[in-house]
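In what follows, chain A forms one complex with chain B and a second complex with chain C.
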Partner chain A sequence: MKPLPLAIALLGLFATLPARAETPEQKGLAIIQDAEKRGENFGDLSAEAQMLIRNGRGGEARRSLKIALLDLPGAASKSLTVVEAPKDVKGTALLTHTAADASDQQWIYLPAAGRTKRIASSGRSGPFMGSEFSFDDFSAQSTERYRYKWLRAAPCPAPAQGERCDLIERIPKESGSGYARQEIWMDQAQRRLYQADYYDAQNQRIKTLTAEGYRQYQGRFWRADRLLMSNARTGASTSLEWSDIRFGSGLREADFDLNRLGSAR
Partner chain B sequence: MAGPRLSRPRPVPGPALTLLLALAAAGPAAADLDLRLETETRLFTAQSRGDAAVAAGLRASHAPRPGEQLVLEAFVRADAREDARSRADLREAYYEAQAGLLTTRLGARRVYWGVAESRHLVDTLNQSDLADDLDGETKLGQPMLEFVFGGETTALSLYALPGFRERRLPGPGGPIVYPFPLAPEETRIEAGAGLLHADYAARASGQFGDLDLALSWFDGIGREPDILPCLRQGSGFPGTEDEANCALLESVTAAAPRRNLLTPLLQALGLAPSNAEIAAELEQRAYANLVLVPVYQRERRLGLEAQYIHEALALKFEGLVRDTRSARSYAAVAGFEYNLSGLFGSAQDLGLIVEALRDTQPGLLSARYDHEVFLGGRWSLNDVAGSQALGGVLIDSTGAGQTWSLEASRRLGDDWKLGLRLRAFTGGDPSDLANVVKDADELRLTLERYF
Partner chain C sequence: MSGFVLGRPRLVLLLALLLTLLCAAGVKDLKFNPDYRAFFAADNPDLIALEALEQRFSRAETVVIAVAPADGELFTRERLEAIRALTDAWSRLPYAKGASSISNYIEARAEGDDLLAEPLLPDDLAQADLAAIARRAKADERLSGGLLSVKGDVAGVYLYFELPHQNPPVELNAVRAAVNAEVARLRAAHPELRIALGGVLMFDAALQEQLLRDASTLYPLCFLVMTALLFAFFRSGSATLATLSAMSLAVAATFGLAGWAGLAINPASLTAGIIILTISIADAVHLLTTFAAERAKGAAPRAAMAASLRINGRTIFLTTLVNALGFLSMNFSDSPPYRDLGNLVAIGTVLAWLLSISFVAAWTQLSPPRVSPSALRQVELVKRFVEAVIRQRRWVLPLALLATAGLSAGIALNRFGDNYVEYFTRGVEFRTDTEFINERLTGMQFIEYAVEAEGPGGVFEPDFLARIDAYSDWLKQQPEVRRVASLVDIAKRLNQAMHGDDPAERRLPASREEAAQHLLFYEMSLPSGQDLTHIVDLDKSAVRLTVLLNTISSSELEAFDQRAQAWVASHWPPPMKARSSGISALFAKIARSNFQSMSSGMLTACALIAGLLIWLSRSLKLGLVSLLPNLAPIAVGFGIWGLTVGKMGMSLAVVASLTIGIVVDDTMHVFSHYGAARRRGATPLAALREAYADVGAALWVTSATLVIGFGVLAFSNFLLTVHLGLLTSLILALALIAEFVLTPTLLLWLDRD
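What follows is the complex of A and B.
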């Protein structure tokens, strides 16, 4: 079974998402697999991101990131995120290797100390740089890590008004992801993720991700320009705006080697 | 030991100028420039005095072609009271080229090895700046030629390290009150070939599932000096005509007046000073002429780093075998860090750190690590300000005292950063002359502005 570098997976950059089957579980999975197929083989991608973090009490902070992705055969992929701002942590780099069997590893390079640290998988649900996004959001997430269930077809949420969406439930197979389940909205025409609601074990909504400003690249790949992650409990939110999205800039696998992490900035 | 003496450290390694010119030629538009200004206040609480300093750090980088990079990192500080800290340093100044699996770097660099928290045992290549901070985490740039053959997560690094930089020690006005004056001008370095001298090192690292392993080798001048009490040059004691004499006992004994058959008789008649008087006079003269001399020995070291991560638990090990001309010694740090994430339902993380340290190397300075236990914690608030704190206590199980430390920082807005460091030494023998840190307690506040 192929992993899904899905919408929230890498904040929407990795790919988007389709369908017909018997049980709701099969139908859900089939849609996800269709979405994955459409996003396959994009080669490499580089982009810049501006994050605006609002703490819900009037405070704001900005983050500036550079991201590079490499699509590899099967579930495999590599990603590199380098911090540009705030300046005191400029050069901090987050490297993720996802293997063909969908297992992944993550490292962070801390320039002030010149140290590279491996991030335990249990530590990846934590916030990335004080934002509402987690370290996990910066890795490709594979289909195999979740169970799926098609819930219903419905009109799409606000940013895709007028279109038809499928509502699919996605449940992490392993605990430690920081939430019990997600409900994701994908439009039926192009399998693009428009919204994801995160629920805790008490079925309380904890976070909502929305994506808007979808544009098609290379006549094939859909990417959203803006993402918004809102925390339902604290009122905090983080918006992420992509710019300078470029496909096929000739990144090689060696650019993602662990020993070159310190040279990334 | 009286090896050839090297000249004073050269703070600007050769390639730096070339780099500066290259960066200047690249123009500010093409180069990536980062500036940091810092103010620092230090209070030596056990000595009821303090110090203040201002510092600036500049980092410039430029990529002349894809796969190539020029990097320059300079630091300058003006310190009100401690002259040893008022200086400029090129911490990094190097050229890097990537081609296929090979990365080549030429110039002054800082390279970090290791996994442990309480002691950076296997970290070898760079000299420490203890004048900057007694924790030794501030490193001086080391001139080097580095070849790295890298795989996905593996690497083989080879180093040629020309030039040797002496450890920067706190000077007068700093936290340490030395029992005798420090004589850096008398520094001794055991080395082979003077100016042509180069050290060599290699390191192989790889990942095997959840296990990270690295094996390193070094042959060169040990970065950690022993600090020996010696008789000052020109003090009149035998062997001090040209340099300080560190063979204390022999020199002082030889300085005693010659005895002959008549000596006991003369002493009995009070016509010659008694043995006790001679000894007291000699002792007084010796004390008045003692200085502390840093002595560096050539060493070969083999280091092993291992880290095994299972869920929230990271097991860590660093081990070292050192061979010097006089002795072989072993040292190790072993422990774990257990991470409690999402503390009390918040976004905060707390890492609990426990490490045990052993070191068989004799010497004044390594005694801090001969038989210790470290208990500590790393607290990350994961907030917008990036607030974090790392604190702990290093406990000597042979009763030589405890070292307490706390480092905390947070951003103020996007461009300012506030830092706090606290260090305290408790429980050591205050009458032990080697216990130079007994009054070195320090509270440090820094405010940085990033541009």
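What follows is the complex of A and C.
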């Protein structure tokens, strides 16, 4: 093969550069905002979730939940999570109001006492019902809480083999989350999250989240059927299977009202 | 064999060197294991129970940091911020999975009609009412004696780790370095704070530190002492160098073989080298003493060594065999490091014997050591002493027997006294710190009880909780107990908070659902790095009670556990059990079981040795009676220990097996020379005089070497090793006395023409 003339080679190099100089931080944020935009204005969503928790040493436990989510203007949302099993806590409901400025509020309804209580904000980063997920992990996450940086483009991990992904670093702005940073894999075509690796301050991987079984709803919104969070240190893992995913079933803000929490089903 | 060794000394030296170096090359694969679990066999039922428990509940790999202000005032903004910074640092530490302290403690309380489960310390301390927080913290039973001292003047920061256990020393060092860096930062900013570190990981770290310290101080010290002793005896550089080289080669080859075999060394098995060094010198000393005597009579080096090998060959082979038998009987031990120790020392003594009859013998041909007249003077001294004993035998024997019986009675005064904190000598930082934490903050000895409920969620059953509550109450009333932590404390506190903090409502919830939901609410409020898996398992089918104790000995701990089990048996329906576990309980049980298993080891060794002595003396009566001067020192040694120290840790269980083989050496040397003279027609008295003239001096030297060599172990900071060294030294010194007092008088009494 004849070597390319230098001028032509240089021309080719310039052609691959983006038109505007963009820092990796800007590019990372742009991709996340794009992903967010694609998921915006879905109206409402309800689904059921089955959690299988393994402690990595032979112990297992199951949880089953019903989740409803209401999209609000801006980056705000409201969600209601009702526990179906284990039966001792059946009917316990969690109501979360997420505001654009990240001043979230969360309440819990305890059916045995028939009372509603507020939950400390620290709890959302702790383990959710003994699982490897925190409440934050599987609920809507506000873009504002992180800083982003695009790392590189690469082939997607296993569940999305054959596709191209962007690898983006996500660093929580507040401490107390239990990890120093995440690396997330999003496919370039649809901006779906396929994998997130959680690292500690020593840059050791502590947890990995993988998502698979993406399906499109209403010709627009992509949702994974299965999430798996595995803990690299302890060997513990939690799988979360979604079922009965429904968009646009006409939920209103009143369904997420604090005073109606007791009657939530 | 002796012809080849003495005929081709250069080749023999080279071959011995090559072979030992080949073995020694395995040292590169030698691993160190600082994990305290190494003291327990994989099939140890208590370890299995502990590990089964850890499958249900979280594994307790903790570092406890006590923070104590000099003026006792914890609740100032700066100090609370410092505690918060230290607590939050967990996310930067390697293998850390969480932390708890008053700074991230979630307090359940009522405010008006509302239930709160919120951090005790608000984010912004500048605006907070610190006096109110201090009041609430000091009144909180769940903090008292745990995260906060009973007086409220010392705070505890608990860091939780989950080590991969792939490369324990490296992981442990990483954790310790990171924790130390955080503590150093805190100390620099707050010099007025006394900071003490404890916990299981610090115990492992201290084990590792002592291992390295012992390796780098005890070994050189032992070498130095041995060199001095050998030189004092031989007055010959060549003889000293020959002996030391052979013994060092034996030690290096032994650890090399351990490396090839994939053994992991811990502070207990590390002492093997020192023991090998100490014991094996005897072979060379016997060979060189006879060699020197023959040379003094005018023999050429080759003839002198040939004579020495002929005279001593059989005996040093037999003593090596007996030593090895004694050491191998340490395989009866329940604790793997002590089995390793026995096997390593057995291998080492055999190697040292081989090197003595090849390497040392060949060496004397190339560089014949000069005869030292001092060695002969010592023979004169020994002769005079033996003569005196023989003259006075009519009252020496009964007196010696009486003293033996009297001092042996002291055995009964020994108590199993292991306490893992006291495995280290005073002055070791781990011990100082742990004692500080124990005194000022919380009990560092604990026992854990796991109780199974019926099925998932079964722990919330009101009947079950009520039984746990009654048990917890009973435990709290015991004099040894400082604190009991369990699910019932949280359950009651939550119920009270749910009812407007009404003190009358400080009771267990009426229904299973209430208990479950209250706890779910509390769990939902816990921050990252905290959970309840240490008190209740994943599917809520079992609970664990952690009972913090005063510093008590292992036998007291066992007695406490038995009382607790008896309470359970008489108060709970039969299927319900409280399985005890935890590091203190484990060490308590192994101290006793190690003694029990080592008794069978000792008996086996004794039987084999008695057989050998009978065969050697060609007399059943003499063989059996000659056991007396060998067993008496051991009995008297343990008796004196009982009268003076009185506490027996698990390392002392192996002392009897360790010493029986060594002690019997002396008797065998005396017997072999005595027997030879008797067969030549000598009277018992003449044969006895001849035997002591032949071996008396060598016995003095080898015994002095042994007593001092094991004495070196007393310079360890690892108390198990110190005690092992001291008691062994004592027994060996007693054995020398017995050999010069009991053996001759017994022989003259029993062996008559």
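Following the convention adopted for this analysis, the second predicted complex is superposed on the first by the 240 of 265 C-alpha atoms of A that agree within 3 Å, B and C clash if a C-alpha of one lies under 4 Å from a C-alpha of the other, contacts with A are read in each partner's own complex, and residues count from 1 in each chain.
By our rule, a residue touches a chain if its C-beta (ideal position, glycine included) is under 8 Å from a C-beta of that chain, and two chains touch if they have at least 3 such contacts.
Note that the coordinates shown come from a computational prediction; the quantities given were computed from them, not determined experimentally.
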| item | value |
| --- | --- |
| Partners on chain A (chain B, chain C) - clash or fit | clash |
| Touching partner for A:Q105 - first (chain B), second (chain C), both, neither | first |
| Which superposed partner A:P86 touches (first chain B, second chain C, both, neither) | both |
| First, second, both or neither for A:M129, with chain B first and chain C second | both |
| Chain B versus chain C as contact partner of A:A61, first or second or both or neither | both |
| Touched partner set for A:A158, first chain B, second chain C, both or neither | neither |
| Contacts of A:S177 with chain B and chain C, given as first, second, both or neither | second |
| Superposed model, chain A: greater residue contact from chain B or chain C | C |
| Partner chain in contact with A:Q202 - chain B first, chain C second, else both or neither | second |
| Partner chain(s) touched by A:R118 [first = chain B, second = chain C, both, neither] | both |
| Touching partner for A:H97 - first (chain B), second (chain C), both, neither | first |
| Stretch in clash, chain B with chain C, out of 79-87, 115-123, 205-213 or 259-267 | 115-123 |
| On chain A, the residue positions that both chain B and chain C contact, one per complex | 53, 55, 59, 61, 86-89, 113, 115, 118, 120, 122-123, 125-127, 129-130, 178 |
| Interfacial residue positions of chain A with respect to chain B in the complex | 53, 55, 59, 61-62, 85-90, 97, 105, 113-115, 118, 120-123, 125-127, 129-130, 178, 253-254, 256-260, 263, 265 |
| Contact set on chain A toward chain C in their complex | 53, 55, 57-61, 83, 86-89, 92, 94, 108, 110-113, 115, 117-120, 122-123, 125-130, 134-135, 175-180, 200-202, 204, 233-234 |
| Touching residues on chain B, where the partner in the complex is chain A | 32, 34, 36, 61, 69, 96, 98, 100-101, 103, 110-112, 137, 139, 148, 150-155, 157, 205, 207, 212, 307, 309, 311-314, 339, 341-342, 347, 349, 382-386, 411, 414-415, 417, 448, 450-451 |
| Touching residues on chain C, where the partner in the complex is chain A | 54-56, 88, 91-98, 104, 106, 114-119, 162, 164, 456-457, 460, 498, 511-518, 520-521, 523-531, 533, 537-540 |
